[in-house]
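Data first, discussion second: the structure below is written as structure tokens.
Chain IDs A, B and C follow the sequence of writing; residue 1 opens each chain.
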Amino acid sequence: MSSKEQGLHLVLEVWRQKGPEDAGRFESYVLDSVSPDNSFLEMLDQLNEKLVKEGQEPVAFDHDCREGICGACGCVVNGQAHGHEKGTTLCQLHMRSFPNGAKLVLEPFRATAFPVLRDLVVDRSAFDRIIQAGGFVSVSTGSAPDANLVPVAKDNAEKAMDAAACIGCGACVASCKNSSAMLFTSAKVSHLALLPQGQVERERRVAAMVAQMDAEGFGACTNTQECEAACPKEISIENIARMNREFFKAKLKRL
Amino acid sequence: MAESKKTGGATTAAPSGNAASQAPKGTLDGRCPKGPIADRWTQHKFELKLVNPANKRKYEVLVVGTGLAGAAAAASLAELGYNVTVLTMHDSPRRAHSIAAQGGINASKNYKNDGDSTFRLFYDTVKGGDYRARESNVHRLAEVSGNIIDQCVAQGVPFAREYGGYLDNRSFGGAQVSRTFYARGQTGQQLLLGAYSALSRNVGAGTIKMLTRRDVLDIVVVDGKARGVIARNLVNGKLERYGAHAVLLCTGGYGNVFFLSTNAKACNVTAAWRAHRRGAFFANPCFTQIHPTCIPVHGDIQSKLTLMSESLRNDGRVWVPKKAGETRPGADVPEDERDYFLERRYPSFGNLVPRDVASRAAKQVCDEGRGVGSTRLAVYLDFRDAIQRLGKNAIAERYGNLFQMYEKITGEDPYRVPMRIYPAVHYTMGGLWVDYNLMSNLPGLFVLGEANFSDHGANRLGASALMQGLADGYFVIPYTLGGFLATEPLGSKVSTDHAAFAQAEAETKERLQKMLSARGKRTVDSFHRELGILMWDHCGMARNDAGLRRAAGRIAELREEFWKNVNVPGSGTELNQSLEKAGRVADFLEFAQTMVHDALYRTESCGGHFREESQTPEGEAQRDDQNFSHVAAWEFTGIGEKPALHREELSFEYCKPSQRSYK
Amino acid sequence: MSEPAPSPGSSARISAPIATPRAGFLHAGLSSVTKKYAVAMSGLALVGFLFAHLAGNLLILIPGAFDQYAAALHASPLLPLAEIGLFAVFVVHVALALVCARANRDAKPQKYAVAATRGKATLASRTMVITGCTVLVFVIVHIAHMKFRAPLFGNPTVETGSQWVLRTLAHPLGALFYAAGVCAVGVHLSHGVWSLFQTLGWNSKRWHARLTCLSRAVGALLAAGFLLIVVYALLRGGR
């Protein structure tokens, strides 16, 4: 027999928590006949179908596009945000990368700034508020000049795109021992700092976003680089260095 | 109108019985401006009344959805000074499914000097839509397309650039000019993040009230006008009432009626369908787009299909083995035993024929038993020749992220073995009927983006969805909404204590309770899956009278069973994802019947709607302009009842209908 | 155009517990990035000091040189100033690092049931607080011992500074203590030097690998340099 034909046998330890006030606990489930071609979330679907049929409540988890771009999904699998595969969101992680009989421990992203709402669902609205503090160019609809008026060096455009690829999933925070949001924040700061369009508000932006990041209760960066390793879009910590630079340039100008 | 009275299975197939010859109950006027097409929008903008700037903040506007259309509209309206509240079912506005669009966005900038113009984009879009769109709307879309690019660049959207620093364009989806702007394979993401940043800026400034994790479950209509919504707070389950002077539905398409589609899991028809049940007409629901380059289905548990940008067809060659039942791996099939069927059938467009044509051709060869892969429901998309010609690096540069995605999902390396692709539901051209101002037949209810029916006719061209969503949000609604509000007295907003709010809330509550208390044997997903297969088999890539009638009957039965036998665990006063899904599936089960009815009614083939009864001798879609050069907008008459038909005649002054030919 | 003014009647922000700067006087109203910057800057100064310190100490290998150097140093009127400055830098480094560490702990209220890394974090990077505290204890004892001549490792009666150093380092406990201390410094710096460049914003993809090497080299070099003195003292048997 091979697991390819019979499917995988899995032992799951899943964090169950009724609501934000509930203390939460792990529960064990056994799942059979999991196709190696299924995605991790499809495996969770399968678990939930089984739970509902057995009269239990399904495991709540956030997800939407299931093609690795919306940033909604994510939990910690065996201690790693989005599981062990490099540059992969949970929805793009496929069961063929697990051995038959694997034991999987599923936990929500842990951070003071990401309170658990239920099971594996956390509230990541802190990210939205960081963007609201300054992650934009203040251009009202209708006031833009012709798109080709301002050339952008290809190299800078590419670097900006690298930073802008962030999907806001929160894996950086989840994988950081300090629950720091520096990678997320710096990706947006970098994206706009690298483009001519972002120059006017450059200093105000970085100061406001860092202040909001602190106010949300994220920790500080101690440069362990785990965020970069966990990031499904492989956003570089080079952005954090750039944000630090931007921040102090901004502070110096204000002196 | 509670379901209990109208879910009878007996009323099932009857309503669709004579759809094909249904007489219209009324005619609709799109209220398009007259005069030369190039002047219409300009003239119309001037004619629209303006709201006194001092009064703008006193006008309250609800925006439902934060995709390209919703986020762009909310930001633009807040900048004008309106009092805007935005609701989204997601945990963040940035999750909306616009984010998943890969390929690009069209604009008639003519930066490439290759003969593009507003008129050409307009012409291509009307033709590509198989002459089932309004000329005035489409021309406006083409006119503002350039402004969209300007706006997005100013926001910091990192579009691809050439070495000189100027914007790059590519040819996309069979267009003969290069007018597609793109940001790697993540154009939708970058455009949405641009709109999201504009939205966020206003939220931060306090000019937009942003409500996340709110599912809009009903539209409140008072004296024929939309006055608010009922939303469920998805965290604590509470039903909330929101009143306003106008409601904007930017809630996307209904592709998930097929269960398996390239849509995100949460995409649903609920808000649009609830508006329809409150009186808004649903137009051309049978117009769905099947995208040819998706990763094939692999098993029973599969939850969604993944699209790969059709830019792949620029270099990949589509083929199947010449003989049916071929068992050798694709790479081992010798050249003379391969049938490059698109190149063979359409020598001038080859692999770049429009989406609907490519999809149907793939279906045909699979129906002949020549499909590949374990399910035999796939065709090859082969890069062997392109890699030989251009080198692996050049291909990696163009499609690296797509190849990586393909390998991640299938476990196969497309640099070595040909990709397998199969068509999947991707976009829905139909939607709530709107006039030129994007207002539905219910005054005060505006519908933007994929949720409306307006601009793509029976088939959407590649890279046009992003264009339409942003056009509606940034450059159309800020004018047309003002035109409406200027005629609405400030005092016309209805208190949320009004009986209509109380009634809508009570009905929503009853409906949720009914789903929770059924405690049956089947999971929500099992119903959705069954509905999806039914729709795919009978109302998918090819449709015929008998199949559609069978589907209509089966849908009614399934709907009846749903209410008796669904199992929704948990309660309504907590975060309950089963309940969220159940509500959406319940609405799909009602909507599907209208969709099938529309497909039965439209006995012609056009664009994405292919009726087997109406094809040319070569097997191509055969339009029937004599009888169907109109929009079919359906009025709700009750669940399982035959919807009433309202026709909007289409006239083509500038683009003369012709048979599309890609030979 | 400036950003839109909030409309007076609206309820403004509704989704937020928005931004109050982190409470507590220890934070002194400083942002996390500012604090980290101060830690990095002071760290940089301390690394500079360590090199100077090592250079001076290595003179012990040349008979007589060390005592001459010490005498010259103590004769300088600037010494007390330098000592106060060094002390201040040290205090800033330690205090702000601890304040950050505390906030970082609060940011992660619950650890994962399964502890795992993706291999990017190193032992050194994950244990900066531990090695830092170890160094702190080491420095306190070191100052008490070397500067104030607390007789911690044996009770040598000696005349010169070099004799004091060599005899206590030849003492088994003294050797062990100093060896452990400088190793902690080395481990701390093997991450700390790279980290300070990153925090100061002097890092990029291109420099990343070089700076990582530099960081490890600095840690190793300083630890080895100081260890050399211990080994020398042991070989010389304290004479």
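Just so it is clear, a contact is a pair of C-beta atoms (placed from the backbone, for glycine too) under 8 Å apart; a residue touches a chain by one contact, two chains touch by 3 or more.
These numbers come from a predicted model, not from an experiment.
**Student:** If I average the CA coordinates per chain, which chain comes out farthest from subunit B?
**Tutor:** Most distant chain from subunit B: C.
**Student:** By number of C-beta pairs in contact, which chain pair leads?
**Tutor:** Top-ranked chain pair by contact count is A-B.
**Student:** Cα centroid separation between subunit A and subunit C, in whole Å?
**Tutor:** Going by mean C-alpha positions, subunit A sits 33 Å from subunit C.
**Student:** Using the average of all C-alpha atoms in each chain as its centre, how far is it in Å between subunit A and subunit B?
**Tutor:** 27
**Student:** Whole-Å distance, subunit B centre to subunit C centre, using C-alpha means?
**Tutor:** The mean C-alpha positions of subunit B and subunit C differ by 59 Å.
**Student:** Hunt down the residues of subunit B that sit against at least two other chains at once, touch-wise.
**Tutor:** Those would be 79, 201, 203-204, 210, 212.
**Student:** Where in subunit C do residues touch at least two different other chains?
**Tutor:** Only 3-4, 15 qualify.
**Student:** If a residue has to touch 2 or more other chains to count, which residues of subunit A qualify?
**Tutor:** Those would be 125, 128-129, 132-133, 138, 140, 143.
**Student:** Of all residues in subunit A, which touch subunit B in the complex?
**Tutor:** Going by the criterion above, the answer is residues 18-19, 35, 37-39, 41-42, 45-46, 49, 52-53, 55-58, 60, 62-72, 88, 92, 94, 96, 117-118, 121, 123-125, 127-129, 131-148, 150-154, 157-158, 160-161, 164-165, 167-168, 191-192, 195, 197-198.
**Student:** Within their complex, state which residues of subunit A touch subunit C.
**Tutor:** 13, 26, 76, 78-80, 84, 86, 105, 107, 110-113, 125, 128-129, 132-133, 138, 140, 143, 175-180, 210-226, 228-230, 236-238, 240-248, 251
**Student:** Which part of subunit C faces subunit A closely enough to touch in the complex?
**Tutor:** Answer in residue numbers: 1-4, 15-16, 18-22, 31-37, 100, 103-122, 125-126, 128, 191, 194-195, 197-205, 208.
**Student:** For the complex, give me every residue of subunit B touching subunit A.
**Tutor:** 72, 75-76, 79, 90-97, 99-100, 109, 111, 146-147, 149-156, 158-167, 183-184, 186, 188-190, 193, 196-198, 200-201, 203-204, 210, 212, 235, 262, 264-266, 298-299, 301-304, 306-307, 405, 408-411, 474-475, 478, 523, 525-526, 567, 569-570, 574-575, 577-578
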